[in-house]
Amino acid sequence: MVHLIWPIPALPLAGTLILVFFGRRLGARAHWVAVPSVGLAFVVALAAFLRVWRDGETFTGPLLDWIIAGDFRAPVTVQLDQLSAVMLLVVTGVGFLIHVYSIGYMHGDPGYPRFFAYLTLFVFSMVMLVLAGNFLLLYVFWEAVGLCSYLLIGFWYTRPAAADAGKKAFIVNRVGDFGFALGVMLLWVSLGTLEYDEVFAQAWALPTGTATAIALLLFAGACGKSAQLPLHTWLPDAMEGPTPVSALIHAATMVTAGVYMVARAHVLFERSGVALEVVAWVGILTALFAASIGLVQNDIKRILAYSTISQLGYMFAGVGVGAYAAGIYHLVTHAFFKALLFLAAGSIIHALGGEQDIRRMGGLARRLPVTTLTFLVAAVAIAGIPPFAGFFSKDEILAAAWASGHLGVYALGLLGAAFTAFYIFRLVFLAFFGPSRLDAEAARHLHESPPVMTIPLGFLAVLSAIGGVWGLPGEHGTPIARFLDPVLPHGEAALGPGTGPLLMAVAVATALGGILAAWRMYLRRPVPAERLGVPSNRLHVLLLGKYYVDELYDALFVRPLVAVSEWCARVFDLGVIDGLVNGAADLVGRWSSVLRRVQTGLVMNYALSMLVGAVILLGLLVRWR
Amino acid sequence: MVPVGYYTTLSAVLFTIGVVGVLVRRNPLVIFMSIELMLNAANLAFVAFGREAGQLDGQVIVFFVMTVAAAEVAVGLAIIVAIFRARQRINVDDLNLMRW
Amino acid sequence: MEQVTFFVTALIAVASAIGLVVRRNPLHGALFLVVNLFCVAVLYLLLRAEFLAAAQVIIYAGAIMVLFLFAIMILIPGRAETGRDPFRRQRLAALPLGAAFLLLVGVLMWGGPPPGGAPPPPGGAAAVGRLLFTDYLLPFEITAVLLLAALVGALVLARRRA
Amino acid sequence: MELAFPVIGWRVITPMLLVTGTGFACLLLDLLPPKERKGHVAAVGLLGLALAGLATGLLWGQRETAFREMVALDEFALFFNLLFCVATGLVLLLSHGYIRRQGIEQGEYYILVLFAALGMMLMAAGTDLLIIFLGLELMSLSLYVLAGFFRTRPASNESAMKYFLLGAFATGFFLYGIALIYGATGTTSLPRLAEALARAELGRDPLLFAGLGLLLVGFGFKISSVPFHMWAPDVYEGAPTAITALIATGSKAAAFAALLRVLLGPMRGLQPDWLVLVWILAALTMTLGNVVAIAQSNLKRMLAYSSIAHVGYMLIGVVVGTQLGAAAVLYYLAAYTFMTAGAFGVILLLERRGAEAVQLGDYAGLAARHPLLALLLALFLLSLIGFPPTAGFVGKFYLFSAAIEAGYVGLAILAVLNAVIASYYYLRLIVYMYMREPEGEPVVAALTPAAGLGLAVAVWGTLHLGLAPGPLIGLAQGAVGPFLP
C-alpha cells in the first residue's frame, strides 16, 4: 500500500523542486512540469482510493522518523483511510483541473513559472496535510499550506492591495494557529502522544475540561484556516490573488482543512460535547452572517468569497451536529461547484479584461455560452435545487440538524439557504442576463475563453451536476456516509417517517423563493445601472460595510499595538533610532547633536535601567526569603 | 579587633558610590574610574570575607581581579582614545564641548 | 589602635570616593581615586594581606592610575565637564536608587562576628605565590592570555594607521 | 620550599588549548608578510577551530574534572565547545570578505575572535565562579575591541564605547555577586558551593541571595535580558556585522551556559527563590523585544531586538529547570546560532552605494535582483519566526512543550503569543524582498567563496535541525545530564 501513497506527495514536490531550480529556463513551458506532476498524483490517488473503496484496505505507518527525543517521538506518520482517500481525490482532482485551467488563465504572465512552483508546492502541502497521521505533522503542513496561500495571494505583489492581503491572511491565520499550536501541545502533555490512533483511543480517558480546552484550541485554528467568525476577515481580501488560486485554495481545498480537521478529531470534540456545540453554532452563525454580506456585494469574486465563508459555515454546522459524513460530503460537492463558480468567474474576468464589478456586466450569456452554462449549473447546485449536488449535501446537513434536535441551527440554516439562493441568482441575473452594461472597451474585448479553460469548466460542471448520486438517501444512509463509516460513524438520530421528504420540500421551496426574489428584483424590471448597489437603508449600509469587522479589529488590536511599539521605541531609544539611522546619511551635520544626545543621555539611561533591574531583583530575593 | 562586617559594609558603601558615580557622571573617563571603584570595593569584600573564613583564597582572587582590571583599563582607555580621535576629525571643538 | 586606624582610613576612603563622584574635573577625580586606592591598601594591611597591599599600590595606584592620568592629560587638558546637564533630573534618580541598593546589600553585611574564629591566613608573598602556582594554576594561565588579548586589542585600537 | 606542582589535566582542556595555540600561531603568522592580505590567518584560525571541534568530538562521553575542580570535561562543556567552534567558524568564514571590503582587514581581528572563542569555552567548562569570571572577561574584552574595529566610523566607536562602559559596569555587579557568594559560603567552586548549600542553615543566608541577585545582573547583561538589554541595539547596530553575529550567537550562548551551570547546579535548591525572578525576566524580555522590534527600520537593530526576544524564550527553559527545559535551551541556542549567523551573513554581503545595506528599504525587491540571497534570508527569517520545518520551529516547539509539561502554561501562552507578534516584523522584511519593486540604487552583493561556504553551513544547520532534529536533541539531553540526570 505504501507504494501507492508516497508518490502522491512526492510527485508535486518533485514538480516544485524542478520549477524552483529550472523555472527560469522553462519559462512559458513551466506547465509541462506542473500539470503532469499533479495529474499523475491524481492517478495514483485514484488508484489508492479504489483500493480503499473496493477492499476497505487502509494504511497507517511511518514514512520516516522526524523528531525523536527521549520519550518524545514524532515520526512522519501517514494515514490513508476512507476519509483521507476522499480528501486526496478532491485535492489532486480539483487541483489537476485548476492547473490545466491556469495554463490559459495565467498565459503570458511574467511570473508564470513562479506561479506553478507555488501551486505545486501547495498541492504537496495539502496532500501531506490530508495524509498526516499525527497532530504534529498536521500542524506542520497546516502552516505550510498557509504559507503557500500567503505567497499566492500576494502573487501580484506589484498591486499593494495584493501584498497587504497576503500579509493579512498570514497574520490572521497566525492568530488561529496560535490556538492550534497550544491545543497540540496541551494534547501532548495530557496524553503523551500525538499519533491519531493513540490519541483517539485514549481520548475517552481525558477529563471533560481538558478535552474541551484541547478541542476549542484546535477549533480556533480551524476558524482561522476556514475563515469562520471571528477570524473570517482575511478570506475576502484574499481574492486579490489570481482566480485559479481563489478557486483551488480559497474555495475548494485549503479553507476546508478546518472542517477536515474537526471531522478527523471528532472523538476529541465528542468527548467534550460543549466543543461540538460551539462548532455547530459558530458554523451556522458564520453561514448566515457571511451569506447576508454576500447579498449586497458587487465584486463578483467577493460575492463568491463570502459565499465560501458561508458554505464553510454549513460544513461546520454539519460536523457540529454530529453529521460528520454530511459535513465532508458538503465539502466535496462544494469543492466542485465553488471551484467551478470561481473558474467561471475567472473566465468572465479574463473575457472582460479584468472587470470584476457585476454592475458593469449584464447580458453576457449571449457572448460566453460555455461559461454561462457551467456557471448556471454551479449556481443551481449551490442554491440547493435537486438533483444537483449541492441540494443533497446541504439537505443532509439541515436534516441532521433537525434530527439531532438543533432546531435553532436548522432554522438559521434554512434562512441562510434562502440568502444563498438569492445572492447567487442576483449574481447570475445581473451578470449574464438583462441588458448589457458593459463599457465599450470591455464589450469589444469580449470573447469566450480558450478550450484549455473551458474544458475544466465542463468537467467540474458535470461533477456538480451528478455529484448528488453519492448523497441519495438509501436504506443505511447515503453512499458516502456508508463509505466513511469506518472513520466517521454516523450514529445520527433517524428522522421520523415522512419527515425527510417534508424537509426536502421545505428546502427546495426556500431555495426557489430566494431565486424568485432575486428574479423579481433584478431581472423582471431591470434596475438602472446607476442605482445598482446604492445603499437604500441602514441595514444595506451595514451589510455593504461587512458589519465593519475589519475596522473594529483595526481599532482594537492593530492600532494599539503599533502605538505601544512606537511608545516603547521612543521611551527606550530616545532619539537613537532616527539619530543613528539618519546619521549615516548626513554625517557631519548631525553627528554633533546626535552624539551629544547619545552620550549624555543614553549610557546613563542604560546604566540606570540596569540599576533599577538590580534593585528589583535584590528586592524580590530579599522579600522572598 | 574590627569585625569583618565593618569591612564588608565599607565595601558596600564604596561599591554603591561607584555605581552612583557611573550614573551621574558624563565624562567617560570618570565613569570608568567609578567602575574601578566598584571593582576595588569588590576586592575589599573578597579579602575581608577571606579573612573571616581564615582562607587565602580571597586574596588570590583579588590578585586575579587586579589583573583583569589592568587589562580592562588598557582596552577601555584604547577605546576612549580611539573615539576621541575619530571625532577630532569631524570637529575639533566637539572634543571639549562633548559632554557625558 | 586598630579600630582607630580602621575608622580613619574608612572615612578617608569614603570621602575620596565621594570626591571622585562629585568633582567635575576628571583630573581631581583621578587623584581622589588614588587616595581611595591607598586607603584600601591600608585596609588590606589591617586584614593581614600584606602582599595584596603592596600589589594594590604597585598595580593600581602605580600602573593603572598612571594610565588614567595619561589619558586624561592627552584628551581633556584642564577642562572639566561644563554646560547645562540636560538630563539632570534623570541623573538625580540615581541617588534614591543607589540608596535602595545600599540598603539591600549593605544591611546584610552590617555587624557580623569579629574575625576571631579562624586563624588569620598568612598573607605573605610566598603563601600567595604557592597558591597561585598550585591550586590557581589554571586561572593564572588564563590571565596570561587575557593580558595578551588586552594588549592586542589596545594596540589595534590605538594604532595610528587607519 | 617544596612546591607541590599540581597534576595538569591536559585532556580536560584540550579544546581550549588548541584554540589558544591557534591564537598564538595566528599572532606569529600575522607578523609575517604579506601585510595587506590576511586570509591565511583566518584559514589557520579555521583549522584550529576545526581541530578543537574534532577534539571535542573525540572526548565525547567522558567525564572528568581538573585543576581542583575548576574546569570540567563533561557533555555539557563539550556541547557548548562544539557550538562555539561552529559559531566562531561561521563568523570567520563570513568575516573574511567582509572586513576586506570594509578596509579593516588586520590579523588582529581573527586573533581576537579566537580569544573570544576561548573565553566562551572557559565560561561553559568552568566549574568555579573565578574561571567563569575570567572567561567572561576574556570574551568581553575581545568583543569590546572587535565592536570598535571600524576605528574611523563614529557608529562603531560609539558601539565599542557603550559596550565597554556598560559591560564593565555589569562586570562590577557580577564580581560583587561572586564576592558575596564567597562570603556566604567560603568558596567559589560550584561543586563545593553545592555541598555548602546542601547544609540547610547556610542555604538561607541573606548574603547568598544578594550574591545570587548580583550574579543575575551580570548574566542578564551578557544575555541582554530586559532590563539589562539596552546596550544591545546600539552595539549590534554599530559593530561590524560579522561581530554582531558573534555577539548575538556565541557570547549569548556562553552566558547561557554559565547561567545554566550556576542556576541548575549549586543553586538548584534555591529554585523556589530565583524562579520568580527568571519568570519575570523571561516574560519582560520576550515581550519588550518583540514589541520594540516592530518599530525598527534598521535591520541590524531589528535583529537586535529580535535576539532580545529570543533570549526571553530561552529563559523559559531556565525557569522550567527540568531536564527537558534545559535541553530545550541548548537546542534552541544551537538553532539560533545557525539562523542568526545566517541572517547576519546575508546582510553583511549586501551593499548599496558603498555602504552596508541595513535599511529595510534597501531590501525592496531583493528577490528580483539577488534571488539566491533573498531566498536564504527568507529561510533564516522563517526559522526565526518558528516556521516548520526549520530549526526555529523545532526549537520553539520543544521549549514551549517543556514549559507546558512543567506546568508553566501561562508563560507558554505568552511565548506563543509573542511568536505571533514576532512573525509580523520578520514577515515585513520578506514582503519587502519578494513583494516590492526595487527602488533607488541597486544593491550589490559580494558573495565570496568563503562567505558562500559559511552561508551553506548556516542553511544546512537551519534545515537539518528542522528536518532531523533527533540527534541534536539527544546530544542536548545528554549534555544536561551532569546536573540534571
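Every chain is named by a letter (A, B, C and D) in the order it is written, and numbering of its residues begins at 1.
Quick note on the criterion: a contact is a pair of C-beta atoms (placed from the backbone, for glycine too) under 8 Å apart; a residue touches a chain by one contact, two chains touch by 3 or more.
Source: prediction; values computed, not measured.
Among the remaining chains, those touching chain A as well as chain B are C, D. Closest chain to the protein centre (all Cα atoms averaged), using per-chain Cα means: D. Centroids built from CA atoms put chain D at 26 Å from chain B.
Per-chain CA centroids place chain C at a distance of 31 Å from chain D. If you average the CA atoms of chain A and of chain C, the two centres end up 68 Å from each other. Note: centroid distance chain A to chain D, computed from Cα atoms, is 41 Å. Counting partner chains per residue, chain D shows two or more touched chains at residues 130, 134, 137, 141, 144-145, 148, 151-152, 154, 158, 160-161, 165, 169, 173, 176, 180, 183, 206, 210, 214. Across the assembly, chain B contributes 8, 11, 15, 18-19, 22-24, 26, 28, 31-32, 48, 50, 52-53, 55, 57, 64, 68, 71-72, 75, 78-80, 82, 87, 90, 99-100 as residues in contact with two or more other chains.
Among all residues of chain C, those that touch two or more other chains are 85, 91, 94, 97-98, 101, 104-105, 108-109, 135-136, 139, 143, 146, 149-150, 153-157. If you sketch which chains touch which, every chain touches every other chain without exception. Across the complex, chain C is touched by residues 1-21, 23-27, 29-30, 32-34, 36-37, 40, 43-44, 47-48, 50-57, 59-60, 62-64, 66-75, 77-82, 84, 95-97, 99-100 of chain B.
Interface residues of chain A, counted against chain B in their complex, comprise 587-588, 591-592, 595-596, 599-600, 603-604, 607-608, 611.
The part of chain B that touches chain A in the complex is made up of residues 19, 22-24, 26, 28, 31, 87, 90-91, 94, 98-100.
On chain D, the positions that touch chain C within their shared complex are 1, 3-6, 8, 13, 20, 23, 27, 66-68, 70-71, 106, 108-109, 111-112, 115, 118, 122, 128, 130-131, 134-135, 137-138, 141-142, 144-145, 148-149, 151-152, 160, 176, 180, 183, 206-207, 210, 214. Only residues 104-105, 108-109, 126, 130, 133-139, 142-143, 145-146, 148-150, 152-157, 162 of chain C touch chain D when the two sit together in their complex.
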